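Here the chain labels run A, B, C and D in written order, and each chain numbers its own residues starting at 1.
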Amino acid sequence: MSNTVDINVHHVTRVEGHGNIVLRARDGKIEKVEWQVPEAPRFFEAMVRGRPWSDIQTIVSRICGICSITHSFAGTKAVEDALGIEVSKQADKLRHMTHYAEYMQSHILHVGYLAVPDLLGAKSVVPLVATHGDAVKTVIRLHRAANEWSDWLAGRTTHPVTIKPGGFSRNFSDSEVREWKARLEKEVVPDLKAIAGVVLSLADKLPAFERPTEYMALTHPDYYTYYHGKITSTDTDEEVDIHEFERVVNEYVSPQSTAKWTKWHRDSYAVGALARFNNNADQLLPLAAETAGKLGLKKGCGNPYMNNVAQVVECVQAVEHALQLMDELLTAGLKEETLPDVKVRAGEGVGCVEAPRGILFHRYVFDKKGRCERANICIPTNQNHANIQKDFEALVPGIIDRPQDEIRLMMEMLVRAYDPCISCSTHYLDVEFV
Amino acid sequence: MAIKLFKKAALKKWVDSLIAGGRVFGVQAKGERFAFGPLEKAADLRLDYDVTILPPKKYLQPQTEDLVKFSKGGGYESVIDSEPFVLLGVHPYDMAAINQMDAIFLKDGEVDTHYKARREAATIVACDVESPSENVFAGCMGTAVVDKGYDVLVTAVDGGYVVETASPRGEKLLAAAGEVPDASKKDMKKRKAVQEKNRKRLRKHELKGEPLGLPCLLGKSENHPVWEEKARLCYSCGSCNLVCPTCYCFDVQDDTDWTLESGRRYRVWDACLLADFAAVAGGHNFRKERAARFRHRYYRKGKYIPEKIGEIACVGCGRCITACTAKIANPVEVYNRLTEGC
Amino acid sequence: MSKPRLAIFDFACCEGCQLQIVNLEEEILDLISLVDPVEWREAISDQSDTYDIAIVEGSITRPEDEERVKKIRERSKVLIALGACAAIGGVNKLKNNFDMDDVKKCVYGKDADLPHLNTAMTKAVDEVVPVDFYVHGCPIDRDEFKHVVKSVALGKKPNIPVYPVCVECKLRENVCRYEFNELCLGPITRAGCGARCPSNGSWCFGCRGLAPDPNVDAAKEVMDKYKKTVDDLRDRILLFNSKQEHADV
Amino acid sequence: MGDNGKDIYLPAAAEVVRVEQMTKQEKFFEFRLASGKPLGHMPGQFAEVSLPGIGEAPISISSSPTSGDTFEMVVRQVGNVSGAMHRLEPGDEVGVRGPFGTTFPVDGELKGRDLLFICGGIGLVPVRSAINYVLDKRGDYGKVTVLFGAKTPGDRLFVDELAALDGREDVEFLETVDDTCGEKWNACVGVITMLFEKIEVSPESTTSIICGPPVMYKFAIMGLHEMGFTDDRIYVSLERRMKCGVGKCGHCQINGLYTCQDGPVFRYSDVAEVREAI
């Protein structure tokens, strides 16, 4: 063993904003292996101070362009919690449906535009147009459907306008719901099945790397949740109330990162699709469970590269549950609702939802005029940073003999498997434009 | 021409049969307000509406309307929309406005082929006002009742609707209703009473003096302080123009597909209150001041267009009063100020 | 004629505007047929590159980013500011209403002084270098983006509205938000979004920036008519238009 | 006018026959309609010139109808259409609608009268059509005086034709520049109204035609008044923002008047009292 490696990926492409990989090894001895995050900090927690409760969603949505709906929900739920605002059953169902639009959009982007080309050894989706035209078209069709779904419910694809404390700013009609139900059934479900087939045919190409990991997720007694519930992890049977989230995330500042890092029972934990799956797989709806089975995804999986497979399963779950909710809405018939009058008061609230890439927490304290005094926002990508570092430390010794390019690729693929808030930095964009 | 009395159910049946037979646009509720839109079923039609947010002109001169298309090697080609449609529930003041649009687009100077095609494709069912809107003053402008332009006129009276056809096209439309009894003398009297009442009650604002005195009044009011006073609060948002049934100014733009060689030229509603409406190359703006633009609108309604077509170009629908967020666009207030002098 | 070379760069932002480009779906291929994208992320090391068109997304929040955007400007013929963060500073400018040390302490506590957490007053791109064209909005409107790119390729000035959102709101036949007792910034905000928020039952919060020569004085007086205060107006303007010209209410 | 079933917004194809750079900002174009027919204009009129994807702009017709089947224009590069026109080459195609608007009454009341043309800068472009028309039918008119003012010597349009005018016995021609900008210049320096002192015209028998930048009108008209001209003996050609050219779009309105239909050529007495005109 005499491999000398010097990898310094300054701003890994195809990941969110700015992340660096540093690996230095002399004669097979690892001197430094680091995942660094030098993203320009944006200080949202500072910026929301002094803003009225009614602005929270508008501001925090802008934390992330790809999971803006999730941030809107976390922020809005925290406001509702603090000010005691009720949300109707109908609005709650519509919110779940809105959330699922984002899931589809985000997961498809990640799986379709990033993971699949990686697994096919293609540099991007572009060469696949020639070799796998149908699959590419299917991915694009799904992505478009997800965006239009979000346009419909959230008012736009990114940065929703309809989500307000207490419900929605507009009403939806039976015929709109019926139209979408038909589209999901006729177009989206078959397309998802097709994509699952593509992923299945490639699943054996995923690196077989396992590391025992703590997986944290939201859990709910009634359903595979992304929206309501309590915090749990694969290391515990405890279900922690979301109001105590600081107790489980244990944030700290790492010198490698402008983003804060987190830990619970171990040095690090993972969040995201695989984490949700590992905690809640028993609650998957039939088609989603069937898809997981076909793809060989089993509860207890410790391979971070399998996150992509879990994402496919979750897309199916999202659509399946949306269809269920649509049926329920149509059976009851959609009612015209107006937003509740909000009695402004001092208060503190927490909102917690699952973003496509993991559990997300927002906490706000409002003064008696309903202005924000303090905020604490803990985003999923930050919760994964430490785990990526630990994965690196476990992965690299086993592959240090391989050629530098291969090591580099496997490290990059690992980062990408976590889908660290990737929005614009996927394969699709990156390679297509080189 | 026929005059029938429809019971509510018969009217509904007739409207449903029209919907089955082609494109029908009718007045429907939009929250607390009303709007013309594609009608899916007669039950959605609200002939008892007060006023629609936008006037029905949007079907004759749509917000955006393709004029010509072009393609590489193919040069320019006209785009004409002549697909027939029925417009259900046009109030008299809006009908009067359409009559004015006809004068501008079909009679004054060159004929606008695009407007003409749509106008000829339209079968207009007018209806007398059942519920006056909060700002209507059609009664003052002589447009509370209208006697021309439409194909069918519907008037809600006690016990049903008096439906009168006024053109062969209207006759044809009515034929779809099947057997309906003629209106009796008594029904006709009731209709007259409704119209008389409307002349009196569509006056939520009272214009001092006769509308036809406006050109003369404006002729001597160019320097009246009211223009500055009101325009101080003007957002230059054009809302007063855009909701107006007699405003028809437009902008023209080109748009291409990704080849950059094929595309369309379209017109889109413009508004003379907008800051750059009269701006030209070199940065000169012929109506740079808010007050100048504000004044221009009232002159256009009360003097310039009347000098062209012989009718006051304000039909008293009151939409601009409602639409103006700054609450300065009430024509009656403005004209009355002029009447009072400085 | 060879295709114009296009490069895209991001600074402090949520990257939602770039996502709108991805959301063009199949049309991305059309875009590529028109321009030749030579750089999408800064990962390309070749600093001597020049671009016909540089698209810059995000606000400038650190001294080192100022230097970076200056370099980009030097290397590009046309520079387009993409989205509210780049065009007006956007929501990032809320930060400028506080003291920078306080901002850092608020988020990072005792670690606030670590060098990599440094931050400065947020700037829009045109506060650092000249900008040729703007694609406004948070996020941008896909159709407007297409229009701007096509216009630049055609050699014409894009037609970006200078009038307020109310125009498009009227064209969409919405019920005015003031009738719902809401404070809408439509009358002083630059149109171009198709009045997206009022069309979805919400007030405009001004993400496209103030319209040129907005009548803010009128807005102040008008508040009274709707039982709102100048403070309410200021609050709403600050959200996306902190430290803009005309925004000092 | 009236309804001939023709789409008034549909441009006809015309081919670029000749392009010449005139000044830094202005280019000269000669066009021929694809139909081969003459445009059918009279001096003072304009046409809407189209480039697909770019748009349309109203441009004056600079040639006299007496000069054959082609027509000529001069375009200053200021924006989209004008900018794209500057990229045209012979053989390229444009769309043309028109001619539109009123004309200098060369066949009407100008006949038999003395004529005083006052042109500032690009204002020469529409007036050139009338000047050439008059010169082609020289016998029909009395004394002809042409005054031309440019910003600098480099901004002068139709340099050769100006020289030819200068050389003609039957035309009095005077010109000035605001600033020589260091160039060689033998004629007058100063604003165009300075030339008024140097000419001899009889206001009773003369009609004046003015075209120039917006600021010029006021001063030129003041000068003419001092010389004894009455408003009905003055013609002006005005410019406004225009979108349709056919009196529908509303943009070119000067109070109640439409520049595209009632103008661009106006008898000054018809607009003297119109607030927004001059």
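We take it that contacts are C-beta pairs under 8 Å (C-beta built on N, C-alpha and C of every residue); 3 or more make two chains touch, one makes a residue touch a chain.
Everything numeric here is computed off the predicted structure, so don't read it as measured data.
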Given chain A and chain B, the chains that contact each of them: C
Farthest chain relative to chain C (centres taken as mean CA coordinates): D
Innermost chain by mean C-alpha position: C
C-D against A-C, pair bridged by the larger set of C-beta contacts: A-C
Centre-to-centre distance between chain D and chain C (centres being mean Cα positions), rounded to whole Å: 43
Chain A and chain D: spacing of chain centres that average the CA atoms, whole Å: 66
Whole-Å gap separating chain A and chain C, where each centre is the average of the chain's CA atoms: 25
Between chain B and chain C, centroid-to-centroid distance (C-alpha), Å: 37
Multi-partner residues of chain D (each touching 2 or more other chains): 53-55, 79
Contacts with 2+ other chains: residues of chain A: none
Junction residues of chain B, two or more chains touched: 253, 255-256, 260
Pairs of chains, among all present, that meet the touch criterion: A-C, B-C, B-D, C-D
Chain B to chain C touching residues, read off their complex: 30-33, 35, 53-54, 58, 63, 232-239, 242-243, 253, 255-256, 258, 260, 268-269, 271, 274-276, 290, 323, 325-327
Chain B contact footprint on chain C (complex, rising order): 27, 30-31, 33-34, 147, 150, 153-154, 159, 162-164, 166-167, 169-171, 173-176, 178-179, 186-188, 212-215, 217-219, 221-222, 225
Chain C residues touching chain D - in the complex, by the definition given at the top: 154-157
Chain A partner contacts - residues on chain C that touch it in the complex: 8, 10-23, 25-26, 28, 32, 37-44, 61-62, 65, 90-92, 94-95, 97-98, 102-104, 106-108, 111, 114, 116-117, 119, 138-139, 196-197, 199-202, 205, 235, 239
Residues on chain D engaged by chain C in the complex (per definition of touch): 53-55, 79-80, 83-84, 87
